[in-house]
């Protein structure tokens, strides 16, 4: 449903804009990596998924987590460092997760989610389920060895696994064209899996590709690879603003903004429909922010909690 | 009671636990053929779904185990040689170990990493002679180093059952040793030290294969009227500080016998904690591996490893000395 | 004399050494754009052959640097975040570090690995807050942690000139600090500690950014008549044991202030060596990071890091206590 | 020259047979990985190299080291743990090296030599030389991520680097066919480099392929990949004998032995030529063994030497 796709994309966009404001206002600590411009990828792929499917995400993870169904207010609470946050204020942006929804976490390490998703994909099949797993990663991750190791394992074991490459043209400041020998889909195809290239600014195109890949996986035919050509409209992270890295031109950004995935989809809908959804998203976010701000901060006395599932608390930095 | 071989004890533990719990499986290089003996015979009984030969892709199969663990399994990951832990360092210490904290307790990550043959073994040279358990303790990963067959059985069982990542180092030098064992050996809890020999004069903390050497030295020193208590922490993290305190409170003297590099090794940690927290009648000593990679020639290898003679000298040394002020 | 900024000091050292020695080059992620400031402006002056942007391939570019070093270059490898050292652990500790020994001295491996921004920095959470210098000391890799701008300049220079692999950790918390510097600052030798403040009652060993906190605490305690010597090893390996011995011989008391995990961290090593070898009038103490990954929320992060209050309490503690027998 | 190729292959073969005996007699400590059956690969490739070219080798390294020109007697002295050994008894089989001949070492870690060779290749070009570097590795190494990272770097930087895959069908007990998704040359080709498959039992075929690749690299046209189909006639290492791993049949071994690379080449030569070379090799090895056995063992007092090129000796395991 277009309205669902649009609602999700709009939620991601407005969530990210809200987050940037909160980071700049020091209400959110650290840095965050915005998904602005890439909404169609997470939205299109997750539209092809079931609740019991598993995803692993990246440092740029908010979009995937929203699209897979996490509660926005608990996400915002997490980023504000509140105990009502998805991760009880222990994770923040780079580790945000909702394991109960099959969201095995954003990840601070490029490509590290790939083998984790492979393990989940294997486990699903072992359990007799036809559920699938998806690993999201960027163009930069295509040069991480562990991704290749995982593609090979997925190939030989015919794992129900989707590799979704979000090619936004850059790894921080380094252009994918300069970083990558050969083509991205060519690499995946070498592992003997279906590998396609889609317009990552068109959520319906992404969804269609994902549905094909998911069906392939559910049927027991193994992994697939989807390269989504996309773009981030803002800096690598919230701190880039002040950095003047100068690796791309304003014109390039403008050119891509014309293909804003929200606009692309909105043009296929009625203005009223869009306006109603926009309003709905504003209310959701306003409510989420209020919820997050009212939520309690963690107790310092609990700082060593949740390190181990069993066994003693870790030692403190001073003797008792 | 029969004498159980250390390596067979590991295999027995895995078999027992795979029998008891269908979520347990093993993966790693050549585990079907069982190059290292831990998975001997298992593929015949449990099939290729639970005894998984992996490509030479340590980073990926280590991460894979974590994903399977999050999805409800209890994987055992076998590393053919200790330095493969370096290749898989990131997925262990930065992913599996931190996941529970990072998610605020949403999940547990019950993976066991086993290195059946850690440490030097005469002529395997620098890249195959590490015994890197202190690195994992530094990184907060639960770590066990069983010294005997019964402990190998019991700690492997507990590691698999534990809800957190655990690294088990089986020293190469003890794989062939035997110990009296009951019909059905038992789990040994993590974090529980073992007094191998009671004594009054000096506590010798020994780890892994060095427990056997420490017992020999204790025997030898007994002939000179020196009463050595040989205490094995068995798990490095969590460490049985209370058990050690009890021993040191009795003896007042401490020597640590540890086959990791000296700097920031386990012996250093034990000395530091003892110096801070325990009553010591004399400065503690440690006998460790030198801070160097192991050269190929066996005489050079030996020269860098902690020896019985060094331990005996250190024990005599702490008896001679009082805390200087 | 002008005040030099720490980050600029790193950049200046690299620029000076690239000017002086054509075999020096830098490679890493985003070094042309200089995301971390160390290579600022260098691509304009030295070209893309000596300021090399790499794909996100830490294992390969770390090994690449070793190959280039064997062929006569002096590579500087920049890691954008400390945990990337985990990904590159094998090529550093198992390849570059061991190569000279393994070849019986046939070659030297002069590679510098730099982490400009190590340790916690308010809200970067578990995978971006490690300060893993103790791991490299355990593995025998030369390791430096400059605390001030001048030391950053001087140790970076020495690291590049050194014929062995060296890891330089620049703590995130000091990148913005400044120090009086002469027109042309000098190399600081590895293995040479620095007395930041002389004192008679207690030696405080502080590392990296904690040097600044230790100085503040020393100042505060001076008002109560406690005379603290603040001593910075500057290099973790080789460690200036003689320098520390001299300080402890004077004060007789020791507290170590160290932002690595407690277990098998650097502070443990210092306490252990001191307990074995130095005359101590009271049990030594350490104030370290807790043995836990850093949670996201800043108040939790702070709760796990070593603090000034803890240091002040520990210093008072060692003054209260005598060695118990 | 066929006689040179034969001499090298025969030297490797007899060296390895000698080593097995010495390991079994406990004159060589540890385990060694024999190159028996694979001689044509190292020999053919190194025949295409100059003395100033660089190679990195594997755990199965004796063949590469001999073919690149190392002194056999100093190799044997190394394996016997003598100070006259190439590595002064510090390295042994798995780390044997002669840096002065561009032999940057055997390696105990699968695929670890790849990026080292890449760095050497880059350095050669920087020095204005047209020298090349070669990385040897097995079929198992093709599933190590670092190899892929290196292929990509070699591609984007057009490094004068040869990837030589010795596909002997197994990584210890695990069959390459089961371990590998897609084809090996397909993976290399995905990085946009020439990738060929040759008969690794025919030294002249290997040499021809290597010469093409070397010329390509010397001309500044970047890396190439050669997959050599070969076989090891003996166990993974000297200790396999006692292990009964049972991953391959005697018939399979026999089938491959019929393609013994020494026989394949000898059939292109006269029996007299072959006999003369065989005699020459026997004398060389007898002399080498005598030299090694007469050489001194290292002094225990020097055990901490050679760890650092500058700076203090590492600490001992006990306080002074």
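Chains: A, B, C and D, in written order; residue numbering restarts at 1 for each.
In this section, a contact is a pair of C-beta atoms (placed from the backbone, for glycine too) under 8 Å apart; a residue touches a chain by one contact, two chains touch by 3 or more.
Quick caveat, the model's predicted, so the values are computed rather than measured.
Annotation of subunit A and subunit B: jointly contacted by C, D, touch as defined at the top.
Averaged C-alpha coordinates give centres for subunit B and subunit C that are 30 Å from one another.
Mean C-alpha positions place subunit C and subunit D at a centre distance of 39 Å. Annotation: 35 Å between the Cα-based centres of subunit B and subunit D. One simple way to say how far apart two chains are is to compare their mean CA positions; for subunit A and subunit D this gives 44 Å. Shared interface positions of subunit A, i.e. residues touching 2 or more other chains, are given as 87, 89-91, 95, 107, 109, 143-146, 149, 152, 156, 178-180, 306-307, 314, 319.
Within subunit C, contacts with two or more other chains are made by residues 55, 57, 59-60, 83, 87, 90, 94, 101-102, 125-127, 140, 263, 273, 276-277, 285-286, 291-293, 295.
Taken pairwise by the contact criterion, the protein chains are fully connected, each one touching every other. Of all the residues in subunit A, the ones that touch subunit D in their complex are 143-149, 151-152, 154-156, 178-183, 186-187, 189-193. Subunit B makes touch with subunit A in their complex at residues 49, 54-55, 57, 59-73, 75, 90-91, 94-95, 99-110, 140, 142, 162-164, 190-191, 238, 273, 276-277. Interface of subunit A with subunit B (complex): residues 54, 56, 85-91, 95, 97-100, 104-105, 107, 109, 112, 114-124, 126-127, 133, 145-146, 149-150, 152-153, 156, 305-312, 314, 319. Contact residues of subunit B toward subunit C in the complex are 83, 86-87, 89-90, 93-94, 97-98, 101-102, 125-127, 130, 132, 134-135, 137-140, 237, 239, 252, 260-261, 263-277, 279-281, 283-286, 291-293, 295-296, 322-325. Those residues of subunit A lying in contact with subunit C across their complex are 28-31, 78, 81, 87, 89-95, 107-111, 140-141, 143-145, 171-174, 178-180, 243, 245-247, 297-298, 300, 302-304, 306-307, 314-319.
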